[in-house]
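Multiple structures follow.
Two complexes, one shared chain (chain A), two partners (chain B, chain C).
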Partner chain A sequence: MITQVDNPILEIHDLIVSYDQSPVLWNVDLSLPSGKLIGILGPNGAGKSTLIKAIMGLVKPSSGYVKIFDKTLEQVRSRISYVPQRESVDWNFPASVLDVVMMGTYGKLGLFKRPGKKEKDIALSCLDQVGMMSFVNRQISELSGGQQQRVFIARALAQEADLYLMDEPFAGVDMSTETAIFHLLQEMTAQGKTVIVVHHDIHSAMNYFDWMIMLNLHLVASGPNEKVMSEELLRKTYGGKLNLLTKVTDIIKQKDFNPLKN
Partner chain B sequence: MMTFDQNAFLIILTASLIAISCGLLGVFMMLRKMSMTGDAISHAVLPGIVIGFFVSGSQRGLEVIIGAGILGIIATLVIDWLRQKARVQLDASIGITFTLLFAIGIILINLLAYKVDLDQECVLYGEIAYLPIDLWISDSGFNFGPRITYLAVLNVTLVVAFITLLFKELSLTSFDENFSTVIGLPTKGINLALMSMVSYTTVSSFEAVGAILVVALLVVPPATAFLWTKKLMPLIQLTSALGIFIAITGYYCAYLVDSSIAGMMVAVSGVLFLGTVIIKGKKSNFTFELPWKKSRLALEDKTL
Partner chain C sequence: MEDFLYFFTFQDSSIAFVVIGITLLGLGSAYVGTYSFLDKKALLGDAISHAVLPGICLGFMLAGEKNPIYIVSGAFFSGALATFLTSWIRNNTKLSEDAIIASILSIFFGFGVVLLTVIQKSGNPEMAGLNQFIFGNAIAILEEDLYIYGGLAILIIITLTVFQKEFSLLVFNPDFGIAVGYPMGLIRLIFNVLMILAVVIGIQAIGVVLMAALLITPGAAARFWTDRLHKLLIISGIFSVISGIAGTYISFILPQMPTGPWVVVCLSFLALFSFLFAPNKGVLSRTISRNKYLRKTHQDHLLKALHHAIEEGKKYLTIEEIYEAFPYQKQKNNKSIDDLIKNRLVTKNQNIIILTNEGKSESKRIVRLHRLWELYLNEYMNIAPDHVHDTAEKLEHILTPEMEALLEKRLNFPKLDPHQENIPRDYDDL
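Right after this comes the complex of A and B.
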C-alpha cells in the first residue's frame, strides 16, 4: 500500500542503507506531499531513525537517492530542519536554554559571524511557541526530559525551515506535553510547513497524523492516514511482536476502526 | 624565603600563558569528551618534531611546528578512522595510535641521534627553569629576552584569536556534532582546526613544560573549573584564572622544596582538583537531597 504523489516535497528512490554489510533499510521508495503532518511508524530496530538520518545525509546509503524540493540535500540545507533524538547529546553541556535555541540560527548565520539581536529575537519567539519562556536563562542540565525535548523543537523552529524532520520527539514526554507538541506541529502544517515525525505510539498516531509511513526494514506502507491504518498493514509492520499486536487490535476495536467503511 | 625578581616574574608569566593556552583549548576538548585525544596528540607529535628538527637543523625552526602540526592531525585522523571504519573502541584506538607514533619518534631520535640534538627527556619533561638563560638574540647581537616567553605570548594570542573567531562553531560542534553537520557547518574542518591548535600548543610548550605536563594542563584546570560552574563563559574564565594560580603556586612550591617547576604546577593542579571534588562532592550530595528543590522543578514541569 504505497501511495506516490505528484510534486513531492520529499522523494526517496530505491534507498538501501546498511551498517557493516547488514542492511537496515531495504529498497525504500516513496514520495511525500507537502504541508502534511507525516508519521514514521514501526517497531524498534525497523530503521526509522536510519531513514531520517539518511534523508539528512548523516548516514551514507549503499544505493538509491533522496531528493528534497526536487533538489539535492546540499542545495536546500537551509530549508530543512532537524530534531535529533534527545539522548544523542550530553545535557550536562554548559549552555543555557537560550544558547541552545540560538544554535538553530547558526546555519543561516554562516562561519565566523556572531549571533546578534535578530537571532536572539528569533530564538525567544521560538521558545514562546513551545511554552518555555520562563526557562530562557535556565542551564540545560537543569531541565526535565520533556523540557529538553521542547528546547530541541524550539531550536528546530529557529532554523525557520519549510521541512522538519523529528526523531522521536515524544520519547519520555508526558501526555500533556505530547498533546501540546502535537498541536504545535498541526499549527505548523496549517501554515504550509511539512513535518515528518518518527513515532512509536500507534494510538496517538491515528489521531494526529495526516500521512503515515510504516516501516520494518522494508517499506510496508506510505499513504494518507485513513488508507493505511488497517489491521493487516499494522500486522505486517509489527510482524511477530504478538504482545504489541494484541494491543493494536484492542485499540482498533475500541476506536471501532474499520478501514473498509471509508 | 620568598623572592620575586625578574626571573621569577618571567617564569611565572610564561607558565601562566602556557597554562591559559592549554586550559582554553582543554575546555573544548573536555566538552567534546576528547581530553584523552589531547593526550594522544601531545605524544604523537614526537616524530613530527624529530623530522622537523632534522629538516631544519634547529630546534627552533618553523619546520618543527609544522611537522608536529601535521603529525597531530594524522593522529586525530587515524584515531577517527580506527574508531569508525575498523570499529575499534575509542580508548583502544587512542592507545594504539599515540603509542605507535611515539615509538616511531623515539626510533627516529635514536636513528638520527648523530644529527639531532634532541632527546626523549627534553620532549617529555621540559624545564621551564632554564628559561631565563635561553635568550633570543638577533644576528646583530641584540638581546630580546627569553625566547620561550615570546613563543608563549604568540601561542596564547593565536589560541585566544582562534577561540574568539570560532566560538559559536566550537560550542555547537562540541554540544551536538550531528546537528552542526546538518545545518551545513564544516564540522570536520572545525574539529581538525582544533586538533591542529592543540598540536601547535603542545609543541610550543614542550620545551618549557614537556609533553606529559602539557596533558595535565589541558585536562585538569578545565575539569576542576567544570565542577564549580555549569556556564560556558565562567568556565573559560575560571579555567584561565586557575592556570595563573597554578603557575604562581607551582613556582613558589618548587622554589621552597627546590624541585621541578612544571612538576610542581601539575601537583598543585592535582591538589586543587582533589580539593574541589571533596568540597563539591559533599555539597552536591547535600543539594541533591533538598526535597523542596526537587518539588519546585516538578511543579514547573506541571505548569507547562
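Right after this comes the complex of A and C.
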C-alpha cells in the first residue's frame, strides 16, 4: 500500500542504508505531499530514525537518493529544519534554554557572525509558541524531558523552514504536552508547512496524522491515514521482522564488504 | 619576602616575559581544554601531550640545537600524526577508543624517550636543556621563545573567540550543525589543530607529561562554579593563570624545581577547593542542604505527631511522649522543638507542647499531602493501602503547592485517604 503523489515535497528513490555493512533500510521508495502532518511509524529498530538521518544527509545511503522540493539537499538546506532525538545530546552542557533555541538561527546567520538582537527576538517568539517563555534563562539540565523536547521544537521553529523533520519529539513527554505539541504541528501544517514526525504511539498517530509511513526495515506502507490504517498493514509493521531479510542481513555481515554498496 | 617582591615587581625583565608567557599559555590551554572537557575528549589531550615528545627530539636533531621553531614544528607534527592515527584507527577497526588512545600515548612517548636517550648519548653540548621538555621549566623561557609561544597562544584565543558559536555546536550537537549546513568536519579539524597547538605552547613551561592537566583541570574545576559557558571559560582561565604564575614563582625561588609539577599541584589545590567548597555543587554545600532537609523532615514529623494527638482527642503532647514517639534521638527532638518554637509553630509550657494556629495549619498541610499521595498511589497506581505509607512518608516533604493543586484536582478533592482517615483541609477545625 504505497501511494505516490505528483509534485512531491520529498521524494525518496530506492534508498538503501547500511550501518557497518548490515542494511537497516531496504529499497525505500516513496513520495510525500506538501502541507501535511506526516508520521513515520514502526517498531524499535525498524529504521525510522535512520530514514530521517538519511534525508538530512547525516548517514550516507549505500544506494538511492533523496530529493527535496525537487532539488538536492544542499540546494534547499535553509528550508529544512531538523529535530534530533533528545537523547542524542548531553543536556549537562552549560547553556541556557535561550542559547539552545538561538542555535536554530545559526543556519541563516552563517559562519563567523554572532547572533544579535534580531536572532534573540526570533528565539523568544519561538519559545513563546511552545509555551516555554518562563524558562528562557533556565539551565538546560534542570528541564524535564518534556520541556527539553519543547526547547528542541522551539529551536526547529527558529529555523523558519518549510519542511520539518522531527525524530521522536514525543518521547518522554506527558499527555498534556503531547496534545499541545500536536496542536502546534497542526497549526504549522495549516500554514502550508510540512511536518514529518517519527512516532511510536499508534493511538495518537491515528488521531493526528494526515499521512503515514510504516516501516519495518522495508517500507510497509505510505499513504493517507485512512488508507493505511488496516489491521493487515499494522501486523506487517509490528508483527516481527521478515525472516529472510534478517537471514540475508546475517550473511552480509559475515562478508568483508557490503555487496549493496555502489 | 625579598624573592616575592623581586618576582612580582618584575624588576627583572626576563621574569616579566615569563609571567606574560605563562599567562597567555594558561588562558589558551584552559580555553581549548574547557571545550574538550565538555566534549568528553579529555584523554585525547593526554595522548597528544605525550605524543609530541618524539617530534621535539626530531626537531632538536634536525636543528642540532634548541631552536624553538624546529622544536615547535616537530612537536606539532607528531601531535597531529597521533591525533590523525587515533581517529583513523577508530574509523577503520573495531578497537575501542580508550584502547586506541592508551596505545598511541605509550607508543609515541616510548619512542620519544628512546630518541631522547640517543640525543643524550650523542654528547651534543646543546642537549642540556632538553630534559626540561619532560617536566617543564618556565624560568628558561627567553624573549625569542615568548614570541613563538605567546603568539601561538594569542592565535588560539582569537580563533576560539571568533568560532565560539561553531565550537559550542560542535560539542553540544554536531548533527544539528551538519543539518544547518555548517562544515562540521572542518570545524572539528580546526579544533583538533588548536588542541595540538595548546599542547605545543606548553612544552617549554609545563612539559609534555603534565600538559594534559593544564588543559583539562581548569575547566573541570570551573564546572563546579557555574552553568554558563562564558563564565566557565573565564573562571577556568583565571584558575589556569593563577596556578601558572604560582607554579612559576615556586620554581623560581626553590632551586632545581621544575615548573610543570608545581603548576599542577596548584591547579589540583584549586580543583579540590572547588570540589569541596563551591556553592550549590560543592560537597560542603550539598551536605549542608541535605542536613537542612533532614532537619526539616524531622520537624514535619513532630508536627504530624501533634496533629495525630489532636485527632485522637488530646490537646497536646508532653515532651516525654515525643521522646517516646521518636526514641533514641533526644537531642534531635530537642533541637527540632526549639526550631519549631522559633518559627512560632508550637509553644512550650514546661513540658507541654501545643500547636499554635500557624502550626495547626502547617501540620494539616503535611498530613494532607501525605494522605493525598497515599490515595493517588492507591487509585492511580493500584498499590494496596497497606503498601502506600512508606513512600508518602518520604514524599510529603517535597510535594510543591502546584503538585498539591494537581493532586486535589485529579482525585476530585477527596475526603478520605485509603485508610479511611480524614484528609484535613485548611478550613477544617482542628
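We adopt the following convention: the second predicted complex is superposed on the first by the 239 of 262 C-alpha atoms of A that agree within 3 Å, B and C clash if a C-alpha of one lies under 4 Å from a C-alpha of the other, contacts with A are read in each partner's own complex, and residues count from 1 in each chain.
In this text, a residue touches a chain if its C-beta (ideal position, glycine included) is under 8 Å from a C-beta of that chain, and two chains touch if they have at least 3 such contacts.
Here the structure is a predicted model, which is why all the values come from computation and not from measurement.
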Combined model on chain A: chain C and chain B, fit or clash: clash
Contacts of A:192 with chain B and chain C, given as first, second, both or neither: neither
Partner chain(s) touched by A:131 [first = chain B, second = chain C, both, neither]: first
First, second, both or neither for A:177, with chain B first and chain C second: first
Residues of chain A touched, compared between chain B and chain C (which is higher): B
Partner chain in contact with A:147 - chain B first, chain C second, else both or neither: first
Partner chain(s) touched by A:93 [first = chain B, second = chain C, both, neither]: both
Overlap of the chain B and chain C footprints on chain A, listed as residue numbers: 56-58, 77-78, 80, 82, 84, 88-90, 93-96, 99-100, 103, 106-107, 111-112, 114-115, 139, 141, 155, 159
Partner chain C, residues of chain A touching it in the complex: 53, 56-58, 74, 77-78, 80, 82, 84, 88-90, 93-96, 99-100, 103, 106-107, 111-112, 114-115, 139, 141, 155, 159
For the chain A and chain B complex, residues of the former touching the latter: 20, 56-58, 77-78, 80, 82, 84, 88-90, 92-96, 99-100, 103-104, 106-107, 109, 111-112, 114-115, 131-132, 134-135, 139, 141-142, 144, 146-147, 150, 155, 159, 174, 176-177, 180
Footprint of chain A on chain C - complex, ascending: 38, 40, 162-166, 168-169, 171-173, 175-182, 223, 226-229, 232
Touch list for chain B against partner chain A, complex: 31, 33, 87, 165-169, 171-172, 174-176, 178-186, 226, 229-232, 235, 297, 300-301, 304
